[in-house]
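Heads up, the next two complexes both have chain A, just with different partners, chain B and then chain C.
Right, the complex of A and B next:
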């Protein structure tokens, strides 16, 4: 039985081949994992600052928040627009379009394969973090861990759909990846990667809640760190963003493919 | 020497001519710079409330550090990223052969071949922020301080270039680690904040191992009249050491270059 062009065998082959492919690039992926250290730099600034008391994250809660933010970011990194742009430019997209499988699934599998390759490096960085800050060590409960995992996957889904939306604009414009750069800037500042949302002035915070960004880092990170969060509101907002983005991506994709004329054709 | 100067003028005028073909990029770049600078200022403002300081630095003083960081970031996107980012492509595709065969120093060619004017507005905004912060912090600009700051900026630029070049040069061995400079960039982001805002262990790291301190904090201290001659000499010394290291490492690395597909 096929659901969205997928069955168990296709899933296994896709994931297996993409994982093997990503393992070839493990040195590169390790460096990407290392280049995500910004939350730790911000942690060192926040922990010594006068403004710390306003965060509502006392003692080790702040360390745990920023480690969780790092981990959530590692498993929700999305680069589909760059991969897609290259495939469209080099004409690799044409054979993908002929296959009885939505090409986006291929990119989903590539991202999952990359996350699996990233796992040991991210775990190593977490171990180093706990070696430096042993008092911050914690293990989430099984339930908490599963919820955090789900929230991270939902964050990945939102980021993936959002970037796929930008990627489908490649069918119309060559400047699509510039758009990705522009949306990355508010993401960095509003997602909670550099400062927990509780640090924001109330007005900015209320306004940020209406963007998808806080649900990409702040919400999953708080779940993972075991902070008290409104689970229903958080997951509800994540689901709502997926429900908005998914049909948009599919519609734009169909319109785009109709416009697509392969390179060199 | 004159030959190098003439070559450099040719390099940069052709780079400018190429960039003028893509005028929309300048607009996008301008928007990106404006957005990320306002984001950085917003983030910085989160650390300041009534009588709060960041590592003993006032808001105006921290703005000076932020401005200096923006200047160096602009320098990286104008000069370092377009040039040094291409080294790995040359290694992978074997076009480094052509560079090595040219009757001109290969490090000179690789380091100064092109220029991306899209980063210039960032340098301008950074300088403006530095000037505004200095004015607010009550800096009295005298000729000696101005000269000292310029020397420190040059030293900082040289340190940044040498670090970046050192890492880019390792691509002679490890072609696959082309993104190693991304790690450097992430760590350089620590230069956005005054050194005193960090815990002591990181302060040592950012002064000696990865001398980000000499890029932003020390020049700001010079302007504020808080850095003495020893600090200046240390900065200059580090710049010379890092440049010499980058130069000898490049000559060493070339002995291992075997060209592509051989």
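Right, the complex of A and C next:
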């Protein structure tokens, strides 16, 4: 059975080839993993600040939150809009459009391949973190780990769909990635990368809950760190965002493909 | 196999004057104009035919190919390929066609072609055993060996192009749309690709629509040509008929034993050149046999050669003269 042209064999082969492809860029990916240390910088800032009491997390919990935020971010980084834009401009999208497989699956596979390549580097950084902060060491339960894994993947799915929505605008505008930059600031503030969402005033927090951002980092990071969190509300919101974004992406894709002019090909 | 009726494509393009003022005007009041890329083109191609698609740059060849394979939507007109409407891009249709576009590649740049071939085999649902057999057969035809296990970025242009062809044909498409498949290749590589395409057509009975800037591709592969100019179809028929239409005269080159006066050649076609013993005449096609007989009869001929002017020159001249 195929879903949008996808079946198990295609998943296996696509993932294998994309993982091999990404391994060719392992040095670059290692640098990307290293450059994602913003949560650790924020941890050091908050730890040395009197304002940390307002975060609602004590020392060890704060350490664990920011390490979890780093790990969640590593496995939910999305760059589909940039890859898609380049492919559309250079004409590389054309052969993909002429194969019986939805082109977005190739980008999904590329992201998953990249995540696999990131895995050892992210693990190494976690090891270094625990070496520096041994009191923060913890091992989540199997159930907790699986829930965190699921929440991270759903965060990835939301981020991927959100960026794909912007990417499909490439069918109308050649530089749709500029729009992606617009959402970067609200993402950084409201996702929980700079501070746990509990640090924000209640009004901002209440407003942020209606955006997808807290479900990209804050929610999965709290699940991974084993902190009290409303799982049903969190997963429900993640599912809702996927349910909203997926049909939007498909609709916009269908309309966009009609406008495709196969530039550069 | 391919049925095209009244096909047209109009692009809306932005117009911008150069310089700062032009940029400012473009920003404040964007102006666009409609460009007719293809206009009311109709033709039909039977299963197994190899058809050449000729035309100058920007004539509308590639746009037509893109519409035939469903990559872009026509502004008006009707296209049917193998009973399918291409723009719907149904999976069953996509399994029956392929599009090869010059140096635009589908192979993963940093991996050996074999990895991309495995992906294609999975995407097209080709069983592993069948895929292996086809890869081996096609690789033999294309004279590809260890190149399939070397990263694409390490391959020469010719090797890459052949690997691209292999990837594009792995699913044994019934219809091949080839847009400049030999672009940038050296003469030997061009010849090998031509030989391969002819053999593929013979073996599988595939329908081929081919555009090329190299007339040798067309003359070697395509008994029938479509000539398109400024989006309109100008000729549909045998290449020879196009040559006759474009060049009603043939060129006769003579090397004589001794020089002759121009008067002596009167009534034997149009004298184009007379330098010592070398003579060049343009003779109407229907008078060629008689004129050659007379030349051999009247003059001591050391060498005689009858040729058609190169088709590139004829087509180029035609466009320059605005005869189409």
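Note that the second predicted complex is superposed on the first by the 263 of 265 C-alpha atoms of A that agree within 3 Å, B and C clash if a C-alpha of one lies under 4 Å from a C-alpha of the other, contacts with A are read in each partner's own complex, and residues count from 1 in each chain.
In this section, a contact is a pair of C-beta atoms (placed from the backbone, for glycine too) under 8 Å apart; a residue touches a chain by one contact, two chains touch by 3 or more.
These numbers were taken from a predicted model, which means no experiment stands behind them.
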item: Chain B versus chain C as contact partner of A:9, first or second or both or neither; value: second
item: Which superposed partner A:36 touches (first chain B, second chain C, both, neither); value: first
item: First, second, both or neither for A:95, with chain B first and chain C second; value: second
item: Contacts of A:49 with chain B and chain C, given as first, second, both or neither; value: first
item: Partner chain in contact with A:173 - chain B first, chain C second, else both or neither; value: neither
item: Shared chain A surface residues [contacts with chain B and with chain C]; value: 25
item: Chain B to chain A touching residues, read off their complex; value: 24-25, 28, 31-32, 35-36, 39, 42-43, 46-49, 52-55, 174, 176-180, 182-183, 185-187, 189-190, 193, 197-199, 202
item: Residue ranges of chain A touching chain B (in the complex, touch as defined); value: 25, 27-28, 31-32, 34-38, 41, 44-45, 47-51, 54, 175, 178, 181-182, 185-186, 188-189, 194-195, 199-200, 204
item: Residues on chain C engaged by chain A in the complex (per definition of touch); value: 11, 62, 66, 69-73, 87, 89, 91, 94-95, 97-99, 101, 104-106, 108, 110-111, 115-116, 118-124, 168
item: In the complex, chain A residues that touch chain C; value: 5, 9-10, 12-14, 16-17, 20-21, 24-25, 90-92, 94-101, 257-258, 260-262, 264-265
